[in-house]
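I am attaching a structure below and will ask some questions about it afterwards.
A, B and C label the chains in the order they appear, each numbered from 1.
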Amino acid sequence: MTDLDVAPAPAATAAPARPHRWAALRPWTPLLALALAAVLPYSTLQLPGVFDGPVNSPGTLHLLAVCLIFGALAAGYDLLFGRTGLLSFGHALYFAAGVYGTDILVTRAGLPLWQAALLALTGGATLAALLGAVALRTAGIAFAMVTLAFAQVGAILVARDFGGLTGGEEGLPLDVAGVPAVFVGVTNTVNLYWLALAYLALVVFVVHRVSASPTGRVLAGIRDDERRIGVLGLDPYRFKLVAFTLSGALAAGGGVIYCLLVGGASPHITSSELTLSLLVMVVLGGPATRWGPVIGGMLYMYLDHRLTAFGSSSTVDALPSVLSGPLSQPLFVLGTVFILAVYFFPGGLAGLTTRLATLRRALSRR
Amino acid sequence: MSTIVLLTLTGLGLAALYFLVASGLSLVFGLADVLNFAHGLFLSVGAYGTWWAAQHLPGAGATGFGFVLAVAFGVVAGAVVAALVELVMIRPLYSRTIEQVLVTVGLSLAGVALLQATWGADPRPFPRPAWTQRVTDVLGAKVPNSGLLLIVAAAAVLAAILLFLRYTRYGLVIRAGVENREMVTALGIDVRKAFTLVFAIGGAAAALAGALGGVYFGSVSPGQGGSLLIFAFIVVVIGGMGSVVGSAYAAVAVGLLQQFVNYYGTSGAGDVCVVALLAIVLLLRPQGIAGKAATA
Amino acid sequence: MTAVLTVRDLSVRIAGLHILQGVSFDVAPTGVTVLLGRNGVGKTTTLRAILGLTPRGGEVRGEIRMAEQRLTERPTHRLVRDGLGYVPEDRCVFAGLTVAENLRLAERRGVKPAYDRVYELFPELLRRGRQRAGSLSGGQQQMLAIGRVLLSDNRLLLIDEPTKGLAPKVVTEVAEVLERVAVTVPVLLVEQNLAVVRRLASDAVVLAAGRVAWSGDAARLLGEPELTRSLLGVGSHTREVSA
């Protein structure tokens, strides 16, 4: 579990480059990006080929919000995978706990949204703590299998509609009577977009703070060589459980917002495929980097959405059927890209940028 | 009484299906440390291979010897695909466990999507000889023949794998490799050849599960492999990774538990019980019923 | 005499630790060359580096040659087939396999296995052929581990701590066997028991702090108690059990 290829640290210290004109702005880039993303809904920009409608159309904002949520989910998952070296195949369960928890408490129990959200969040965190306590008694591949099995129980419970709560295969539309009006209706998509953006900012902040803290250094130590942490007199189990619970709680929080965004819950979010796509997002973006998983997650969801449209477009239809068939399947394209990334870009997109930086420096030195 | 017989035999039929998938997974994991998410794909290759052959392969069909030929085609296709996956995709990442898992994850996503692109997402009716659609009277219970066929096939595969492991040179290499791969190399044996072989064997067994599972369910769909795979994983962990006999015991336990609880409790409760069984086994015996420690 | 194995400037780094830092020595074409040094100095790492068994992520530099052939970067199984026999630390017999199966596994492709030689040295292995190797005693497992490599003719044997954890009487037996084996094939031996070293070794290489601290005639090393003590710290790390 420890032989994970981590993206090489940026070689900025190795070659002190000329002070760039924008260098002073660099620490502020995330805030600038956040501000830009926050005012984006006021733009009526048309980006043909990128989005179907203008940027501030509800359809585009909906897609962007989904991307933001999954960027955040990937960052939260990276806390386990990239930063602690835990390969969990059951992360969908905690996301689903947030989605279904909110939905059931609002729709079936008639609770106001804020209560439902709070309960779903604590419920998801508690579930992660309990199941993590059992699963973390194993390590490595066995841990992967056990988390997968636990998540499968969640999927079964949802699909079989135990107690008539989940709506089974049909899913459960959210009863908007219990939801504040600002989050209801197509015209209010922009509010959900802002909510998703705030959630992303929160997750990035939390993950960054945790990994920069002493706890984060212990987690990195566990990833690199767990025995060494044991030798230091620290109990790796506790730290892993903290990471697992926190990561689960962040996923449950994302579930709450996702539930509002799509207006309900459907069983496909409980499937192991969702966890697998989180893994794909993190690896594509670059594990254990601050922005890699976020970008990986956003890009994945964007491509997943756009490739479906692209697949049925006339350009693809014009291709011979040998090509057009597979290309119309987003998962085929993403799966293939993912496999290639594992071989050729072990650091993901984040690793790519440092490689490009090295290349640029090498070229400019001539 | 007849209910219990029926439940036992259908439970064993399910166990047979699990075993066919799990035996290969277990060997591949035990020997090569590869958690193979693409194993469900081998099952689908077997199912679609058989389905395709029954319509297009000369001499093959849905009845009699033609059906046997179609299944054989599916099994060979599964073995070939599995061996190719090992040679082309797994081998370059030798002993890099995490990357190997990631590649099989990508392969399972892309593979299912490819099947969907080629033959559609909807279930296709599967070629079935007429006798497999009838029932046999066993102690008053009317048991579907397709279930019995699965049980017989799984028993035959179990026996064949055990004989192979016990009496052949490669079987010896595989058994030793599961125990200590490095030491096998240090005796002058190229253990990677054995990797390809266990992938091929596992692929063939999974493909057989796909073909006979198609007969059992009456249809074939791209997602079939994935849902079976999760229970096969559970069987592998309970049985102890690397142990074929352990997989057989665990498959029987899981199949029977699932069938009985689903019948006497609510539908789906059996699946939950199976995961509970997994949790209990892991807490009491982290290494599974038999075989090497499950902690990597 | 030309050496059977030459190691030049061997450096090994594992998980950021510089275990070997430029080790050079020769293994004589006859007799036993013993590799000495305190615990954790890198004796086993040296043997494993020669065999290409350094764990993934480890970094090996330098040159290792056997009869003018470079060994580094060739796969382990090829080296072994070319006549490099390995008896690992802790014996590593396959516990789940029978004694006969353990031996059968060690037969090398294209080589007629010398069962006569093995059973003559270790009649016990013939008698216990159907017993599982895991149920053998420590001494018997060591016999099996040595018997395994003796099925084929080797150009060099690498033997790692063959007497570790064995009862004094068994230590003597193992030493006797190794003495007979060393008549026909050169041995590079890692051994902590100085009595065994005294009995077997003709040449000695002493490792300290990742480098070769002393090399030369084994008798000379052991004949000077001061030198032995300063190099090996006798009394604190090394056992001397009668052999």
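FYI, a residue touches a chain if its C-beta (ideal position, glycine included) is under 8 Å from a C-beta of that chain, and two chains touch if they have at least 3 such contacts.
In this text the structure is predicted, and so the values were computed from the model without any measurement.
Q: Which chain lies at the heart of the structure, taking centres as C-alpha averages?
A: Central by C-alpha mean position: chain B.
Q: For the chain pairs B-C and A-B, which is connected through the larger number of C-beta pairs in contact?
A: A-B
Q: Could you work out which chain's C-alpha centre is the most distant one from the centre of chain A?
A: Most remote chain from chain A, centroid-wise, comes out as C.
Q: Compute the distance, rounded to whole Å, between the mean C-alpha positions of chain A and chain C.
A: 52
Q: Report the inter-centroid distance (CA atoms only) between chain A and chain B in whole Å.
A: The computed centroid separation for chain A versus chain B comes out at 32 Å.
Q: Distance from the CA centroid of chain B to that of chain C, rounded to the nearest Å?
A: Taking the average C-alpha coordinate of chain B and of chain C, the gap between them is 43 Å.
Q: Where in chain B do residues touch two or more of the other chains?
A: 96
Q: When you check chain C against every other chain, which residues touch at least two of them?
A: 56
Q: Chain A: which residues touch two or more other chains?
A: 3 - these are the residues of chain A that touch more than one other chain.
Q: Can you tell me which positions in chain B touch chain C when the two form their complex?
A: Answer in residue numbers: 95-96, 169, 172-173, 175-176, 179-180, 182-191.
Q: So in the complex, which bits of chain A are touching chain B?
A: Answer in residue numbers: 1, 3-5, 87, 134, 137-142, 144-146, 148-150, 152-153, 156-157, 159-160, 162, 272-273, 276-277, 279-280, 283, 325-326, 328-332, 334-336, 338-339, 342-343, 346.
Q: Which positions of chain B touch chain A when the two form their complex?
A: 29, 33, 35, 37, 89, 92-93, 96-99, 101-103, 105-114, 116-118, 226, 230, 233-234, 236-237, 241, 266-268, 271-272, 275, 278-279, 282-283, 286, 294-296
Q: Note which residues of chain C are touching chain B in the complex, please.
A: 51, 53, 56, 75-77, 80-81, 86, 88, 92, 94-97, 101, 104-106, 108-109, 148, 152
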